[in-house]
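One chain, chain A, links the two complexes that follow: it is found with chain B in the first and with chain C in the second.
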Partner chain A sequence: MIFCGASLVTQFHLAEGIQSFPAALHWIFSNLIPDETAMERLPKILDKLVETALLSVAVTVLAGICAFFFSLLGSGITKIHWSINRLVRIVAAFFRNVPDVVWAMLLMFSFGQNILTGFFALFFTTFGLLTRAFIETIDEVSSNCVEALEATGGRFIHVVFQGILPSSLPSVITWVLYMIETNIRSSTLIGILTATGIGYLFDLYYKRLDFSSASLVVLSIVVLVLVIEGVSNKIRKVIL
Partner chain B sequence: MALLEFQNVSKSYDNVTKALSDITFSIEKGEFVSIIGPSGAGKSTLLRCINRLVDASEGTIVFDGHDVRKAGKAEMRQMRAKIGMIFQHYNLVERLSVIENVLHGCLGKKSAISGMAGHYTEEEKKEAFRIIQEMGLSDQVYKRCDELSGGQKQRVGIARAIMQKPKMILCDEPIASLDPKASKVIMDQLKEINQTKGITCLVNLHQVDVAIKYSERIIGVSGGKIVYDGPAEHLTKEIIQQIYQSSANDLIMDLQR
Partner chain C sequence: MSEKVLQPGTTISLDLEKIMERTGKGKIKIKAKNKSRYALQALMVTLLGLTVVAFATFDYQNIDFAEAVQATLQNIQTVFLEPELTRDTLTSVLYQLLVTFCLGILSTIIGAFFAFFCSLLCARNIASSRMVNGIKSFIAVVRAVPTVLWVLIFAVSAGLGSVAAVVGLTFHSFAYLTKAYAESIEEIEPGIIEALKANGASYWQIVFQAIVPSTITSMVAWTFMRFEINFTNAVAMGAAAGAGGIGFNLFMAGSFYFDLQEMGMLTYIVVIAVVLLEMVSTRIKAYVK
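Right after this comes the complex of A and B.
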């Protein structure tokens, strides 16, 4: 009933929708399979792809390091003052809850269509998310050994590097690897906005109606993400 | 002069209920003292007030001639370095090796940079190896602590405490998560440290019979107050009932006298 009513209102015809499938499939196969001209562009695509991947790795690692020290202030173990804990959590929530694409659009005003725009957009969301994740990790993992190291008369910095860091390392690395994967995907989208990296190439080919090259870009991103996932699984196994 | 002195010490976590109220006692150098009492009586709080893992609310605590509560940050660290501590859940850095955990015992004497980097001198390492051997853990030196059994972990905990060359060792329920055999090993080791090295031991215990067997002196705590303080052999059934606030039938205990 609801479906029929909705179909009437929106003039959606199920039969026509299904009928258009073969045509759509035909279009996909005729246009989206990378052809020879697309393959000629492969070196250029790979070049941009590597650039995007390296940017994602750099952003994530840098944001991870910053987030780790920032999250120390936000975790329950430092207890400098409760207001600092609260402040850190609010700052992290702010960075995290603005989507990276929105960050990119905002930052375009200050940096223009520049690789820095994408860098900071990714940095902010990654920093916010990792700070939140690390606070939880640190609180969960290290309250016992923090107490013990404090009892030996160790300084705060000793407690951090000898106690908290080794205890939380596995889950810190897992989070960073996961964010690298996510950021490669996000950076494609941001690249479309900021005209940099692999996203720019995709946008270019797409607007030129060069669909086979555009699909090659998409395929290469998928392959890259799968490769990264495989590598990070290996790393996780070795470390844990 | 006594090594440790409590004078009218009180502690309240929420300004309403008192975890400790008006605690006064002193401990001489070389004593082996057990603190018994029901869960939540304030035993752990009492122990943690000594090395300021918990800050007391009122009163004076004097350790080795220093006023603990008035100590600044640097002085507090020096004081903590002289007090070893052993925990119920061992509180080791589980992902580090035995030797690394034992070396943590000398963090109190390290500069910020070398302690941070885990850089220890040759003598410190030799000392750590010697202590590990003493604890019977020679085969486990390079093993990660999460591979060890409960008893072995606790021995690493003791080794870390000895590494501090402490004047006093605080033990917070050292055998509460161990089986009877491992418990005996740990208690024997604590007793031996106390006798051969002359390190004062203050032990929180749940097991009354263990307290009576190992310690010369027992302090009974109930509801944040000291209800008994005297030699182990004077502890009668009536006093134990008073400490645990229940009749003999409700308690698992076996006093052979």
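Right after this comes the complex of A and C.
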């Protein structure tokens, strides 16, 4: 029933959707094959791809560092006043829930078609998400060792750097690796909106109906994401 | 296995100096040497190094940073402190929100439907391992393509609009849910399936009498979580791929009319919707547990 109601509102027809499937698959296999002109564009695409990968690493690392210290203020364990805890959580929720699309368009006005537009748009959402994740991690992982350190007279700095940081580091890193992967995908979306990076390249080829080059962009993104996923799975196995 | 049994009364001599390791300066080492520690350090150094490289190689196009930041702050102020609907009426915006909501619902339901059957084929405890590996790699490729690209690819054959949006969003939720469902199926106690098999239950009987009842709670939780993600994605798709809904309003306000106040109001509406969904989701998770 929900399904029918939702279909009605969005004017979606299941039959049409299913019908479009074979057509789309056929189209994918006939048009989305990189040809020679596409291969000529490969260096340009790879250039943008590297830029996107570096961007998402830089965003995630920087946001991760900021979020870690911010989440210390938001975690109940550090015993900072509860009003600050609350405030931190609200701020994190704000950054997390404002869609990155909004950030991207907002920054577009002032930064223009610059890589920094994408950088800050991704930074804000990543920061919000990681803060929430880190608060949960810290609360979960380090209550015992914080208690032990405080009992033996450890000060705040000791508690943070000898207790909380080492015990939560593996899951913090796991989150960071996951966010790097996610950010590569989101940066495509933001790239389409703000005309930067790999997303712009796809949009350009797509709108020129140069589908073979566009498909090369898609393939290169797929390869990049799969490589990062593979590497982070390996790392996760070693550190956990 | 031969184990030494300690007789009562024997004293065990523990020479601590033999067990402890000391550093060059004679201090007792308090950190164990192991592979994971080195891996962690190496990884952190690499990530930091890549960040530095990234900032060094970005093409900043000589932007006036201070000015841009100031302009941004001013814009943020307009968007978040003076929100106002100047173009649309509240009812039409709420209707668009409903459209986005429905896009999310549709793609979640269709994705969950296919994901359920696919996950039966790629849970290690009920499927052959060749099948599992094949399907898992297929899923990984589907997941690696960003949602917006799926939507745009389908838009070519189905036309821009709800069909392309739903099908494109479905792809990602399908891949995500398959992985999640397969993981929860793998967590089932092996005894349950074994007992049914021993009684001569058919494959579908095993599925509906053993697997569904014992995984339904976690499946519901995962599905609702995916619905939350799909809702935000649907907003983004409206903006980036013309899929309709409130995302499209946002896109028009931001990129065509440069109407910051309207953008602020729309943002607030989206944020409120997302927060409400999050609250419902926490409730459901608590209820399920």
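Methods note: the second predicted complex is superposed on the first by the 213 of 240 C-alpha atoms of A that agree within 3 Å, B and C clash if a C-alpha of one lies under 4 Å from a C-alpha of the other, contacts with A are read in each partner's own complex, and residues count from 1 in each chain.
Everything below uses one rule, namely that a contact is a pair of C-beta atoms (placed from the backbone, for glycine too) under 8 Å apart; a residue touches a chain by one contact, two chains touch by 3 or more.
Here the structure is a predicted model, which means the values were calculated and not measured.
When the two structures are aligned on the shared chain, A:L129 is found in touch with neither chain B nor chain C.
Counted by residues of chain A touched, the larger count belongs to C, out of chain B and chain C. When the shared chain is aligned, chain B comes close enough to touch A:S167, but chain C does not.
After overlaying the two complexes on the shared chain, residue contacts for A:A24 are found with chain C alone; chain B is out of touch. In the superposed model, A:N144 makes contact with chain B only, not with chain C. Of the two partner chains placed by the overlay, only chain B lies in contact with A:G154; chain C stays clear of it.
Touched by chain B in one complex and by chain C in the other are residues 169-170 of chain A. Every residue of chain A that touches chain C in the complex is listed here, in rising order: 2-3, 5-7, 9-14, 16-17, 20-21, 23-24, 27-28, 31-32, 51, 54-55, 57-58, 61-62, 93-94, 97-102, 105-112, 114-116, 119-120, 169-170, 173, 176, 185-186, 188-189, 192-193, 199, 202, 206, 211, 218, 221-222, 225-226, 229, 235, 238-240.
Taken in their complex, chain B has these residues touching chain A: 51, 53, 77-85, 87, 89, 91-96, 100, 104-110, 112, 115-118, 157, 160, 164. The part of chain A that touches chain B in the complex is made up of residues 144-145, 147-155, 157-158, 160-163, 166-167, 169-170.
Across the complex, chain C meets chain A through its residues 35-36, 39-40, 43-44, 47-48, 50-51, 53-55, 57-61, 63, 65, 68-69, 71-72, 75-76, 79, 98-99, 101-103, 105-106, 109-110, 140-141, 143-149, 152-154, 156-158, 161-164, 166-167, 232, 235-236, 239-241, 244-245, 247, 250-251, 254-255, 258, 260, 263, 267, 270-271, 274-275, 278.
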